[in-house]
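Each structure below is given as structure tokens.
Each of the next two complexes has chain A plus one other chain: chain B in the first, chain C in the second.
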Partner chain A sequence: MLSYLTRRAVLMVPTVLLITAVVFAVMKLAPGNPFSAAQASGEAAVRQMNPQDYQILLTRYGLDRPWYVQYGRWLGTLATGSLGDSFSERRPVSEVFFNAPARVLAEGGSLRSALNQVLSSKFAATLFLNALALFLMVVVAVPAGFHAAARQGGWFDRASSAALYVLYSLPNFWVAILLILLVGVRLQWLPFIGMRSDGFEAMSAAGKAWDLLKHAALPALCLSYGGLAFLSRFARGALLDVLSQDYIRTARAKGVSEAAVLYRHGLRNALIPLLTLSGILLPALISGSVIIEQIFSWPGLGQMYIKAIYSRDYPLIMAESLMGAVAVLLSNLATDVAYTVADPRVRLE
Partner chain B sequence: METAGPRDKDNAQDGAPGPSAFQTFARRRGAARGLAFLLLLALAAYFAPLLANNEPLFIRYEGVARFTAFRGLFPLNRLLKRDAVSLRLVEDPDWLLNQRTRPDPKVSSVLLPPVPFSPLQQRLDDVNTPPSWRTGHYFGCDDSGRDVLSRVLHGAKVSLLVGLLAVGLSGLLGVAVGAAAGYAGGWLDLLIVSRLIEVMACFPTFFLILAAVAVMDPKYLNIWTITVVIAATSWTGMARYARAEFMRMKGADFVAAAKALGASPLRLALRHILPNAMTPLLVNATFDVAGAVLMEAAISFLGVGVQPPDPSWGNILSLVTRYWDEWWLGLFPGAAIFLTVLSYNLVGEGVRDALDPRAEE
Partner chain C sequence: MAFLPGLEAEAPEDGGTFTRALPADAVTLNPVIANDMVSYLVYKWIYDPLVDVDQDMNPVGVLAESWENSPDNTTTTFHLRKGVTWHDGKPFTADDVLFTYEACMDPAVDAINKRPSFEAVAKVERMNDFTVKVTWKEPYAPGLMAWNLHIMPRHVYAYAKGRSQDFNKGSADVPPVGTGPFRFAEWKRGERIVLKANPRYFGGRPHLDTMVFKIIPQSQTQLAAYQTGQLDLTAISTEQWRQLKADQALLKGATVFEYYGRQFMYLAWNMDGSNPFFRDRRVRQAMTYATNRQGIVDKVLDGHGITCSGPFYPGSWESNPAIKPYPYDPARAAALLDAAGWKDRKGDGVREKDGKPLAFECLVPAEVDQFSRFLEIFQQDLRRIGVAMAIRKVEWSVFLDRTQRHQFQAYLSGWSLGDDPDPYGLLHSSQAKLLPDGMGTGQNDVSYMSPEVDRLIETEQRTFDRAARQRAFWRIHELVAQDQPHTYLFMGSQIVAVRSKFQNVRVSRAGYGLFTWYPSVKEWWVPKGLR
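Our next item is the complex of A and B:
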């Protein structure tokens, strides 16, 4: 097992290198740089920058070198365990993502305050939102898909497959807008801006949790329904596939009740192929979270990515792309490992 | 009262040939409706200059007949005589509208387009007006007093063009690379193509597209560059299918037979393998168009796609996030995106059913 994990981890390295190189090249080959962007739209002081100063800035940040040299430098920084410094935030990228728990500890802060730093970070905000969306997705989609398969061709099966088809084509940014217009603006049932209400710090623990959930409800819904449609179709297919197996016929032939066939023999086996889906769902979740966080002003990595892109903050863009790629690759690995646990017939080679 | 008539069911005879691919396609109501919607949309996009314009379809001014709205219609604006389509009467863009209330005595007859507003025309009096029959702004107006229906009609061109061109481009590239990798195999496949396909499959493409368009100077952002960027980041999906099909078929008997007859590798690939690999590629391409339409809308929505004042469904929609009370800015362009994506997906299902009898259901 350990040697398998090591081998997989080593194989990840070229993939990650290729991804980051592609992102880097794409960014650098496009015309423009942070200073020209600032000059086009920025403050008067930046606009009136004279050509020598402009050149000095380019040299200072190494932006006058060819892209592969810059990429090499970025890799060099990465090798030292640092993600570099953000141009626009003027602090280390890791602090932009996680705040500064290490510094708080070093300056004599309590473990609790260091933990609070992490919990209030952009990374935690995005993780919370995506985990909630994933939870919603699984809790609704898997039972719905199984129910449709158990009564194949029934009214629920037909209605849900039609509804899911429509859901699958609905752009999530439009759904977000419609939900905000209806639930947020017209009915005023739920907040739709940001993650916390004013006076959040003064709330009780339960009050805080409730406040967070209320803010997360709409964005999590928007993030989850696309994958929900996909997952439930897949769950339906998986159960139908299992129900056509010989051992199900055997179970029925020996007089096992229909309920036991379905729940004991069918469902358990149908859950296994669902594990493979995380590799497909995660990139979609990450992509979706960029646009949804932007609409709901959710203070997470997705919104940060848009900001980084508007200000051409290369270190930040690179770090986010790296995190996205690593998250997907790790989840693929976790899937493969989970598969062997769930299905002993599968061996890790 | 019922009249007895021939019933289709009775006419079907055993042993008769099955329905053709086209019949299978047309029999799926969803697919047929999707296609009908897309055709309507294409017509609307093409004739948008006649449907929504602040210039008359026909006007008799000082006794001379002119068809000024046709100036925006592609082949006609080249064919018609210049003075038949050009009319710079007054600089006032609202001149035409005012003909209803204060007609110009030199105008003897005039025919307005159904939506008498151009997509770029800003009317200060109409800023943020809600949809209404009375004002003639059926979809309302945006924050600059531009008619939303006019902008949605003219924006259809962007969605349709980007969707089809991006998939055409990525299809050509993907099939070429995938075919070469699948047919030739070897280091090219193992070291480059397969790795690239694998990498792109596990990386959120949206990140890459955003990175590419956002660092571009806004003056380079138009439907052509967006098309190229979407194609450049989505061809690996097509390459994966092409590679698999070419790999599967290069050992087939009919390929061996053609090879024995002395066919060149290029001829083998283009004339013998590709036609047999068309089905999965075509099905995949149809779904890809839906994806490309969605992608263009998303990046324009984020402000890094088609730049205002040029209309695109995404950039009309983005205005609602600044003015949450103006629901019409959110409803109509979003519905257009949804219906287009849904239609392409339905057509994709239909194509799959029609061409691939092994497909489920």
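Our next item is the complex of A and C:
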């Protein structure tokens, strides 16, 4: 097992290199650079740069070199443990993602304040929102799928699949705006801007948690409902598959109660294919959702990523791609390991 | 304006919070390296420039109490305000002005968009603690507005050569310290920026206690936030305006301001000879006659806009009142094209000349839906007179790259002249040159070459007498209207709703809106009973 993990980890390195090299090359193929994009960011009234100054900038940041030289430099910076400096935010990329816990510690701040830095970062904001959305998705979809499979063709099966397909076909940016107008403006039940109220700092721990949940409710709902149909159908299919197996028939033939057949033998085995899905769903936790974060002014990575692409903020794009690649590879590995736990027939060598 | 009865006569009271939205987070609050509009909207209140523009776009001294030119206009002497203190209590002096200027000019500092405005400056000298003398390479009338530069404190940055990397990284580590009417209080990245009134402001403290900027990227969300009382101001698009008119309740308690923005929309015709169409003035004139600009203002913008005849802001002193936009006249356009030799000989609906069809491609930035909508209407207009225009939507960076390299036949975009109406970058022939790497020198990407306009611009730049300068601008306006290097389209209205409890809210009469002039927000106040 250990040797297997080591081998997989070592294999990850060339994969990550290949992915980042391709991303870097593609990114460089797009015309423009951080300074040509910045030159006219939004307002036409922005005065133009001198051509000489422009050249100085390109040289200073090495943007006039061929892409593989720039990629090499990026790798060199990465090897020193740094993600480089963002052009569009004018601060280190790591700070854009995680704020500056290390600096707080270095300046004599407490561990608690360093932790607070991370907790109030863009990374945490996106992770929190997506974890909540994923949680909502799983707690609704998996039981619904299993329930539908247990009584295949019954009213619940047909009603739930119809309802979920309707949800699946509603675009989430449209639903988001409807929810803002209805729940946020008309009824004023839930907040719809950002992730914290004014005066958040002064709240008690429970008050803070409640405030965060209230702010996350609408965006999390928008992020999760579309996936319900997919996940519940998947759960339903997995259970149906298991229920048609010989060992289920054997159990039934032995006179095991229907409940025990379903819950002890059926569900446990149906969970195995669901593990495969986690390999797809987990990386989405950090990639964020561009549109939903924009609409709800959620201070997360999704919003920042699209800005980074438009402003040609190479270090930021690369950091996000690197994290995405690593997350996918790690969750694939985690899935494989989880198989061995869930299914004794699987052995990793 | 919707005043509450009886309040307009009362003396302003101190207190209250004004909350507005920003479409994106600020990049940096360091005014020397900031080059985006959003950062400006915030740092403008923390820092003061030497000179700003007032409600009518006339120069107004802020940190400079007064200034005068030498008789030959080769130097400008600024007399700085005495007794001004930085937010940390230290006195403001001429050293800070020099520090800021030198930081802008240091090649190691990424002062991307500040340096070009100082090109005409030969040197800046400190005469004493409160006097700064600027020597110009040659008399340069637009130069004064370069000093709409927000002054930074030397003692905070102690910036020395070689430490520019820290300076370039922005103000993450250093909370901004300015002289402005508001002090920096808090910046939660991606969420909000908070400023507090500066009680020791030289011009008296602003009446508002607090200014909050919330980062809300989507305009629909912004409007919803206004409706639920989380914002005191919202911009309203033409489409939103249509809905709001149906639901008047939403605008209850709001004062609505409408003004024409400074940005004019235009179609650019490439005259560098790479296409057989646009070198001929008659073809360019025909394009303007053939496009129904007023129709777009009426139908697409619901009347919220004004057609224009040149790059100057309509109604301003530099704009020639005798020049009117070309009327929409397809027959005249057809006659001009006939005269220029472009005729539909094959009867396929497209004119041709020397075997070449009058068919071209027009670039448009894909990010702004409305731009494409304008262009689709123009496409129909042009088809009617036998011109085939293809629309090519491209991403903003691609658009910039192609236009800066002059690799286009036509494009649609927006532009505005700076605080000084000098059109050098847009219309002077020297600004059409391409550098060895293929990038254009200036904004004259259509390669407009008019010796008379060149001469007028050179004269206007050396003329300090406003009446004489105005004559030059008026003549430029006339020539541009004849030559049509661009088809000038219109300026769209900006519609802004502000809660009526805010008193003394005024809008610039030169298209600068509610904030981009001095003193604007500093004069706002809220009666106690309405806070």
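The rule is short, and it goes like this: the second predicted complex is superposed on the first by the 336 of 349 C-alpha atoms of A that agree within 3 Å, B and C clash if a C-alpha of one lies under 4 Å from a C-alpha of the other, contacts with A are read in each partner's own complex, and residues count from 1 in each chain.
The rule we apply is simple: a contact is a pair of C-beta atoms (placed from the backbone, for glycine too) under 8 Å apart; a residue touches a chain by one contact, two chains touch by 3 or more.
The structure presented is a predicted model; accordingly, all values stated were derived computationally and were not measured.
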Chain C versus chain B on the shared chain A, clash or fit after superposition: clash
Partner chain in contact with A:I56 - chain B first, chain C second, else both or neither: second
Contacts of A:Y310 with chain B and chain C, given as first, second, both or neither: both
First, second, both or neither for A:Y168, with chain B first and chain C second: first
Partner chain in contact with A:E95 - chain B first, chain C second, else both or neither: second
Which of chain B and chain C A:S120 touches, first, second, both or neither: second
Contacts of A:I19 with chain B and chain C, given as first, second, both or neither: first
Which of chain B and chain C A:Q294 touches, first, second, both or neither: both
Partner chain(s) touched by A:Q188 [first = chain B, second = chain C, both, neither]: second
First (chain B), second (chain C), both or neither touched by A:I177: both
Chain B and chain C footprints on chain A, overlapping residues: 30-32, 36, 40, 177, 180-181, 184-185, 294-295, 310, 312
Chain B to chain A touching residues, read off their complex: 195-196, 198-199, 202-208, 210-212, 214-218, 220, 290, 294, 297-298, 301-302, 304, 317, 320-321, 324-325, 327, 330-331, 334-335, 337-338, 341-342, 345-346, 360
Footprint of chain C on chain A - complex, ascending: 30-32, 35-51, 53-54, 56-57, 60, 85, 88-92, 95, 99-100, 120, 122, 125, 177, 180-181, 184-185, 188, 192-196, 294-297, 299-300, 303-304, 307, 310, 312
List of chain C residues in touch with chain A within their complex: 23-24, 27-28, 33, 35-38, 107-108, 110, 112-117, 119, 168-170, 172, 188-192, 214-218, 220-221, 224-225, 227-228, 230, 262-263, 395-398, 400-402, 404, 413-416, 418, 425, 435, 439, 441-443
Residues of chain A that touch chain B when the two form their complex: 14-15, 18-19, 22-23, 26-27, 30-32, 36, 40, 165-166, 168-171, 173-174, 177-178, 180-181, 184-185, 237, 279, 283-284, 286-287, 290-291, 294-295, 305-306, 309-310, 312, 317, 320-321, 324-325, 328-329, 332
